[in-house]
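One chain, chain A, appears in both complexes that follow, with chain B as partner in the first and chain C in the second.
Then we have the complex of A and B:
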């Protein structure tokens, strides 16, 4: 009997787990279940395992069990207090060589992107970055199912399905918000296994001198519930002022498509799409974006999409739930009036009065 | 200070989907009539190198792997201000994967000899995998700073500014180093000057073959790739859009507000 191990990297910084870790556990559980039948027929066992590096992070290992890991390998050491590439990848190389996982997923965060390539290189295995679909599927010439990793390529014009036939683990990185958050089980069964740490401070080739997080400038669109996004159709940088008003009224943040970033209209922390962030808000309102695949791949998993565009044939309507063919400079101010009128009605008499413009 | 910038020439990725063509057998993109250009983050990497050269006394070398037409990308790099350029060319090299490309670049850097830093764009504008730089750093045993927006030398070390969630971080490594470059407001790639273009035309660009790099093409070609392209396909839209019609912007906005309220989104 062999054990087929399906791994997710549990990312944390400063004792806080990155939610993408739980999203990875959700998807790796699904992948493991896709080979269960094949494994049982061969008398093999399938397990879902998390790997966690950090210092004083036992509580996160426990959380990983709640989100679906059968086992968590915990590497707890002061050398992991702050993320550095080399101590992290050397350690993951060691634990992966020891346990030989079949599939290994890492979040495509700033940290995870840095780490995944280094781990894949050290293990001499294939890595597919920024996957948007993952399946264990049958492949001609392979006795076992393989990881079929699908991702946008060529400017987002096309999807490519990539596999790694020979080398193990089969590695993929997955962006935050591409896959849904799994249910949390408050009474998990799994176990935490502490692994010995062999890297030392001398193994780090770089050091972090400072973190700078300016007050008030921070924007985190990845986990926002409401996003109001704009594109080239805004015409000017000032258009984002209008979108910001709508975002403020809805308790959301402002997103942008790539041409706006290139034109310098707004900072790249706001960019939604293939070369920006992937988002999954409850409501995504998008105005003046034609809908290049580059943008669509970053937002098409939103729960509800409202598109506003002057061109009725704009591809953005292909992914929208509700579309308005019209000038955003008429529609958005009118929406702001609607929202203001409603707030006023609520404030002055409350209840659920209908408001007309 | 000698900085080497690794560039990739790609088919303009900003083309409309209807002119995009693939070869389903070879599983690759067909060029058609599209223009070739330096992949965007690689152009930004060159900009970062040129900015450094302006601050300290230095030299910038641009290298690329490609067919004869890739020399155009190097002419552009020279015209932007690079001092030297090298084309690495062998048919087998063009079909290899990220890992193979990194091996070729590692051999080329070895042949170049002395350098203080290597810059790569954070990901190519076509396949967008973002792996070559990471693989290369590991193969060369260099400290690697990823997603860097700019850098400056400080007492024999290099300091990198890395945008991170909600701010940035200053990372320091020894030299030589490898950095992958992302864009921000400080590093918008410059245009070539007329003088630069004239200079570029006069600069000789050596071409290195597999033999020049002591590489066995059979050990680098597609058959040694770690990953395989299983399928290329155009995603199918799941068109479900409900259009709101109305006379005026405000009428449409009112209907939209009602619809969102019904769905408890407002």
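Then we have the complex of A and C:
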């Protein structure tokens, strides 16, 4: 009997897990289940495992069990207090050589992208970046199902499905929010296995001298519940003021298509899409965006999409739950008005001030 | 003397890529080839330090013979030496095979003429993988900083570099011993105008061509398709999700369109959840 191991990298910083770790566990569980039948027929076992590096992060290992890991390998050492490329990749290389995972997923965050390329090279295996679809599928000539990793190619105009026939593990990176958050099980069964750490401070070859935290308000559109996004159809930077009012009325944040960033109308932290952020809010209101593929890949997994565009044939309507053909400068003020009226009717202590006009 | 090496790739200008609406195929004709923008900014930074410290900049590229254009562009910007690693056998390389060829090449250059800093772009815009830089660092055993926005200090005597790297959370200030490998964001440096002598030199410059037959010996099993563990299984356009309802505000009136939209969001249970969380 062999054990087929499906791995997710559990990313954390300063003792806080990155939610993409749980999204990865959700995906990897699904992938593992896709080979279960084939494995059982061959008398093999399939397990879902997380790998966690850090210092004093036992609580995160426990959380990983809640989000679906059967087992978590915990490498806890002061050398991992802050992420650095070398101690991390050398350690992952070592544990992967020891346990020989079949599939290994890493979040495509800044940290994960820095790490994944190094680990894959050290293990001399294939890595597919920024996958948007993952399946275990049958491939001619392969006795076992293989990881079919689909990602945008050629500037996002086409989707390519990549596979790694021979080398192991089959590695992919996945951007936050591309896959849903799995349910949390408060009473998990799995186990935490502490692994010995062999890298030392000398191996790190780098020292972090300082962290400069950004001043003022930083936006995080990735995990926002409501996003009001605008595109070139706004016509001017001032248009974002109107979107901000709607976002405020809904407790959300403002997003944008790339040309708005290129034109300097708004900062790049607001960009939704292939070269910006992937988002998955409960409500995505999008105005003056035509709906290029590169924008759609970043937002099409939102729960509910409302699109506003003057052009009835705009491709954005293809992904919208409701499309309003109309001028955003008429539609959005009407939305603000009706929201204010609703709030009044609910007696929830008055609407947003700018809305009262 | 300072010696910087910059890895530059030629890429199709993806902002100009179009899909034929009839056939769904990629329209390749007329798509201009450019130096990968991140590499151009990395090169600009290398040249800036060269001008400050004295020394030289070598550029390396792996690709078909027409990548010569990109190397000439690098010379025009102020690079001193260009090596194009080119062979039919390199075709079809994925990031693992690419990092092998680049690492071998850079190592050989380093042995004859020691390098202080190896510059890479953050990523190539045709693939957006950001894997080759870290791959080369691993193969060469070099310390690496990715996503560099600024070099604060470059001290050839004390053999150290201090770089700022930007992450989602903060900016990290990292110190590394030299030689080190950096992958760069566009902010690292503005692209300068080419000085006339460099421009003239670039017109006549022929880069060194390195192939499978020399001067280096590459392992056949590690280059091109054979050295690439990943293969493209299939390509396609993504399936479209089912479109929802369209309401024409010009027919029903704006207020009515919004009312109907909110009713739909209510029916889906969205608006109440959302408004519950609004301030």
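To be clear about the criterion, the second predicted complex is superposed on the first by the 340 of 357 C-alpha atoms of A that agree within 3 Å, B and C clash if a C-alpha of one lies under 4 Å from a C-alpha of the other, contacts with A are read in each partner's own complex, and residues count from 1 in each chain.
Basically, a residue touches a chain if its C-beta (ideal position, glycine included) is under 8 Å from a C-beta of that chain, and two chains touch if they have at least 3 such contacts.
Here the structure is a predicted model, which is why all the values come from computation and not from measurement.
J.: Since both structures carry chain A, what do chain B and chain C do when superposed there: clash or fit?
T.: On the superposed model, which is not a single observed complex, chain B and chain C clash.
J.: Contacts for A:118 in the overlay, against chain B (first) and chain C (second): which applies, first, second, both or neither?
T.: The answer is both, since A:118 touches chain B and chain C.
J.: Examine A:267 and indicate which partner it touches, taking first as chain B and second as chain C; both and neither are also allowed.
T.: In the superposition, A:267 contacts chain B only.
J.: Contacts for A:345 in the overlay, against chain B (first) and chain C (second): which applies, first, second, both or neither?
T.: After superposing on A, A:345 lies clear of both chain B and chain C.
J.: Which of the two partners, first being chain B and second being chain C, lies in contact with A:161: first, second, both, or neither?
T.: In the superposition, A:161 touches chain B and chain C alike.
J.: On the A-aligned overlay, A:251 touches which partner chain: chain B = first, chain C = second, or both, or neither?
T.: In the superposition, A:251 contacts chain C only.
J.: With both complexes superposed on chain A, which partner does A:192 reach: first (chain B), second (chain C), both or neither?
T.: After superposition on chain A, A:192 lies in contact with neither partner.
J.: When the two structures are overlaid on chain A, which partner does A:321 contact: first (chain B), second (chain C), both, or neither?
T.: Both chain B and chain C are touched by A:321.
J.: According to the stated criteria, A:293 is in contact with first (chain B), second (chain C), both, or neither; which is it?
T.: Both partners.
J.: With the touch criterion stated at the top, can you tell me which chain A residues are shared between the chain B interface and the chain C interface?
T.: Residues common to the chain A contacts of chain C and of chain B are 85-86, 110, 113-114, 116-118, 120-122, 124-130, 139, 148, 153-155, 157-167, 205-214, 250, 274-275, 282-283, 293, 304, 306, 317-327, 330-331, 334-335, 337-339, 342, listed in rising order.
J.: Would you tell me which residues of chain C are touching chain A in their complex?
T.: Contact set of chain C toward chain A: 14-15, 17-19, 26, 94-96, 99, 125-135, 137-139, 143-147, 162, 164, 166-177, 228-238, 240-241, 243-250, 254-255, 257-262, 264-265, 268, 270-271, 273-275, 277-279.
J.: Using the touch definition up top, name the residues of chain A that touch chain B in the complex.
T.: Against chain B, the touching part of chain A is residues 85-86, 110, 113-114, 116-118, 120-122, 124-130, 139, 148, 151-167, 205-214, 217-220, 250, 261, 264, 267-269, 274-275, 282-283, 292-294, 304, 306-307, 315, 317-327, 330-335, 337-339, 342, 356-357.
J.: Touching residues of chain A toward chain C in the complex: what are they?
T.: Going through chain A, the ones touching chain C are 13, 85-86, 89, 109-111, 113-118, 120-122, 124-130, 139, 148, 153-155, 157-167, 205-214, 225-226, 248-252, 274-275, 282-283, 293, 297, 300, 303-306, 312, 317-327, 330-331, 334-335, 337-339, 342-343, 352.
J.: Applying the document's contact rule, which stretches of chain B touch chain A when the two form their complex?
T.: Those in contact with chain A are residues 11, 13-15, 17, 20, 22, 29, 97, 99, 102, 123, 125-131, 133-135, 137-139, 143-147, 159, 162-174, 183-185, 188, 226-235, 237-244, 248-250, 252-254, 256-257, 259-260, 263, 265-266.
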